[in-house]
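Labels for the chains are A, B, C, D, E and F, by order of writing; each one numbers its residues from 1.
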Amino acid sequence: MTKNTFTSVVDESSSSGKVQIVYDDIKKTLGIDFIPNMYKAMALNPDYLELTWNRVQSIMTKEGKLDKQTKDIIALTVSIMSGSRYCIDVYNETARNEGLDDEAITEIYAIIDIYSGLNRFNIAQQTQKDEKPWYGCGG
Amino acid sequence: MTKNTFTSVVDESSSSGKVQIVYDDIKKTLGIDFIPNMYKAMALNPDYLELTWNRVQSIMTKEGKLDKQTKDIIALTVSIMSGSRYCIDVYNETARNEGLDDEAITEIYAIIDIYSGLNRFNIAQQTQKDEKPWYGCGG
Amino acid sequence: MTKNTFTSVVDESSSSGKVQIVYDDIKKTLGIDFIPNMYKAMALNPDYLELTWNRVQSIMTKEGKLDKQTKDIIALTVSIMSGSRYCIDVYNETARNEGLDDEAITEIYAIIDIYSGLNRFNIAQQTQKDEKPWYGCGG
Amino acid sequence: MTKNTFTSVVDESSSSGKVQIVYDDIKKTLGIDFIPNMYKAMALNPDYLELTWNRVQSIMTKEGKLDKQTKDIIALTVSIMSGSRYCIDVYNETARNEGLDDEAITEIYAIIDIYSGLNRFNIAQQTQKDEKPWYGCGG
Amino acid sequence: MTKNTFTSVVDESSSSGKVQIVYDDIKKTLGIDFIPNMYKAMALNPDYLELTWNRVQSIMTKEGKLDKQTKDIIALTVSIMSGSRYCIDVYNETARNEGLDDEAITEIYAIIDIYSGLNRFNIAQQTQKDEKPWYGCGG
Amino acid sequence: MTKNTFTSVVDESSSSGKVQIVYDDIKKTLGIDFIPNMYKAMALNPDYLELTWNRVQSIMTKEGKLDKQTKDIIALTVSIMSGSRYCIDVYNETARNEGLDDEAITEIYAIIDIYSGLNRFNIAQQTQKDEKPWYGCGG
């Protein structure tokens, strides 16, 4: 048997109560006809599933200060820095679905490359704060 | 003596040749009247300083696919994920200078919190790719 | 040829001296009839193998302050945070062998998700220590 | 002015509505008479504060599969692996408040030392899964 | 279709201008008759490809303070700490090509194991600087 | 009271038995007249102190395949990638004591900068192995 996650998961056919309600909301909100492996794995603890889903929705879907594309680019960047292949895959698909093409994706990766390097240089040097502020790459 | 970096640095008064040219370009491009500690530390290897500065400029300042604010938000996110205090400080200042207020900054941090957690959950589960694509938080 | 590790390994049939002694101790202590790939790779440097094995045993097997299950949960948590698939696999098997079921494992993963997120939020904010102590989630 | 976080925070005196309700719940649940800097920073986005607090409570305080001390040890381990000084401080205090003494804390740190090393060795080797399962340090 | 990278790549047959010049330099400098996947992916942004390649060459190939083998060992160590399987593969091949045998590679991995552990212990303890300097492992 | 580590430590004046023996060996081997904070913190668990010290000595001090300076450069690189300020300080002192000057240190940092960036780019791209081997930066 191939397993999609370490723990067993709650399939839609066997979901009930709180899990079923969240599953229905996931499919409706995301416009899909299946439950992603990640959420199926969370459903072993229905409160964890519900509270995680609601929190994600509140920050990512509800109107806030940042536009949707910027939010998805932050999620992609965090995924690349954290290194979960599953999340990198999902947010790569998401970025393309948002309209970002290969050139834009390459630009995101180039920025991640550059600042991963510069951060490590400054950790090495334990660089102290400058006496006056400056603004990254100016204006 | 308090040191701003582990290695000694090349102060403006003693810069010459390639270093002086880059220093002048840094001040002009960033609209500041000093050289940040990070670049002063790089100047011990003038080629490294020049090639790093040009590469940063090419990706961050030159017109590309993403707007300037989005690029700076990616740089801030990478800095928070990498953990260099110096870079976090610089890009926090940069984000504010770009017009992002406390609510917008908190939104960025909330997204970083959420996806740092979800990535780790999926690393724990070694979650396998879903058979059909889905797009993060829909919408 | 499929390789199990980058370097060649010391198979049981060709082990001798110090390596053979440690191999015998590994099989006896762990109650298995093979040498795990990790230890076979270390055996290229017999002192490294012996000193690593003895150190692991001293902390993990010898009676200490924490019970065996708690120690294994810490090892699983460190493996998930470090990201070695090999170690995640081994400690997932270990946790189940210790009697932890899918619900318990999900609880561990949920805590890891939550605190990976909160740590990152506080790195972003460079949050300063509170003037008075407080105790996580009380109780 | 010394700032405790990068963003401004919502002090108790100026809290209202949802924030005030959560603040009261935090003080009551944790048995403290102040709001930790972390939660004050989150309050700039009241939904984020509320949803994060409820999720933390649900996993950490509600009766689950693991006892309270084990949960706190996982939170401490994640904090050390993530590297937020604020969280390390809070969970160090928590562990001591739970009754763990210096010897027990040292044992936790020793396990973290050992498995941080072994994980990195196996990432270096890209060690493949053994054909048969084995259980960490046996016993 | 199997993809070697997330984004599409610029194959040699369709390269032109700046990309073609860098591609020719890569093949000549590295003594190979193909373009590695990493550089093909960068070529979607020709400036990024050129500036990255030149910077890598300047530090790694140009005569500096450290000998070539030491530089390659640093690159291997960074790759293992960062966790990109692609880079670990390339620098493992490089180390062997430099003349390092299985025993030498195991020694590198042992040092990485030891210091990954000790660093984490000192992050846990937030160990303060000693009043007098000392030099690692003496000698 | 300022604490040098989270846990209390075993001062030389109160050391005895196994701890005293290791303390004497540390001072003699490293040529110093004090016990570094790191080892004093480990001494709360005498077996952990002894086994860690012996393992470090075996890999770092005993004649092996790599020369002493290369070993120390690997330890410095791991420390910078792991981010313990204590270890970065110790290995920075060590590198200078080994005869590395500011230019050489800057070269190490430049390599760490470059490969931290490239690793992250390849994690983003999930770059697949090339069909033929290549050797980093040729030469």
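By definition in this document, a contact is a pair of C-beta atoms (placed from the backbone, for glycine too) under 8 Å apart; a residue touches a chain by one contact, two chains touch by 3 or more.
Since we're looking at a predicted model, the values are computed, not measured.
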Intersection of the contact lists for subunit A and subunit D: B, C, E, F
Greatest separation from subunit B - chain, by CA centre: C
Identity of the chain that, by mean CA position, is farthest from subunit F: A
C-alpha-based rotation, subunit C on subunit E, 0 to 180 degrees, nearest 5: 120
Subunit B and subunit F, separation of their C-alpha mean positions in angstrom: 27
Distance from the mean Cα position of subunit E to that of subunit B, given in whole angstrom: 21
For subunit A paired with subunit F, centre-to-centre distance based on mean C-alpha positions, whole Å: 34
Residues of subunit A touching at least two other chains: 6-7, 41-42, 45, 48, 52, 55, 59, 64, 81, 83, 85, 103, 107-110, 112-114, 116, 118-121, 123-126
Overall pattern in which the protein chains touch one another (line/ring/star/complete/other): complete
Residues of subunit E that touch subunit B when the two form their complex: 45, 47-48, 51-52, 54-55, 58-59, 62, 64
Residue numbers on subunit D that touch subunit B, as the complex places them: 6-8, 41-42, 44-45, 48, 52, 83
Subunit D residues touching subunit C - in the complex, by the definition given at the top: 2-7, 29-32, 34, 36-38, 41-42, 52, 55-57, 59-61, 64-66, 68-75, 77-79, 81-87, 89-91, 93-94, 97-98, 100-101, 103-104, 107-108, 110-112, 114-116, 118-139
Footprint of subunit F on subunit D - complex, ascending: 83, 92, 102-103, 105-107, 109-110, 113
In the complex, subunit D residues that touch subunit E: 80-81, 83, 85, 88, 108-110, 112-114, 116-121, 123-126
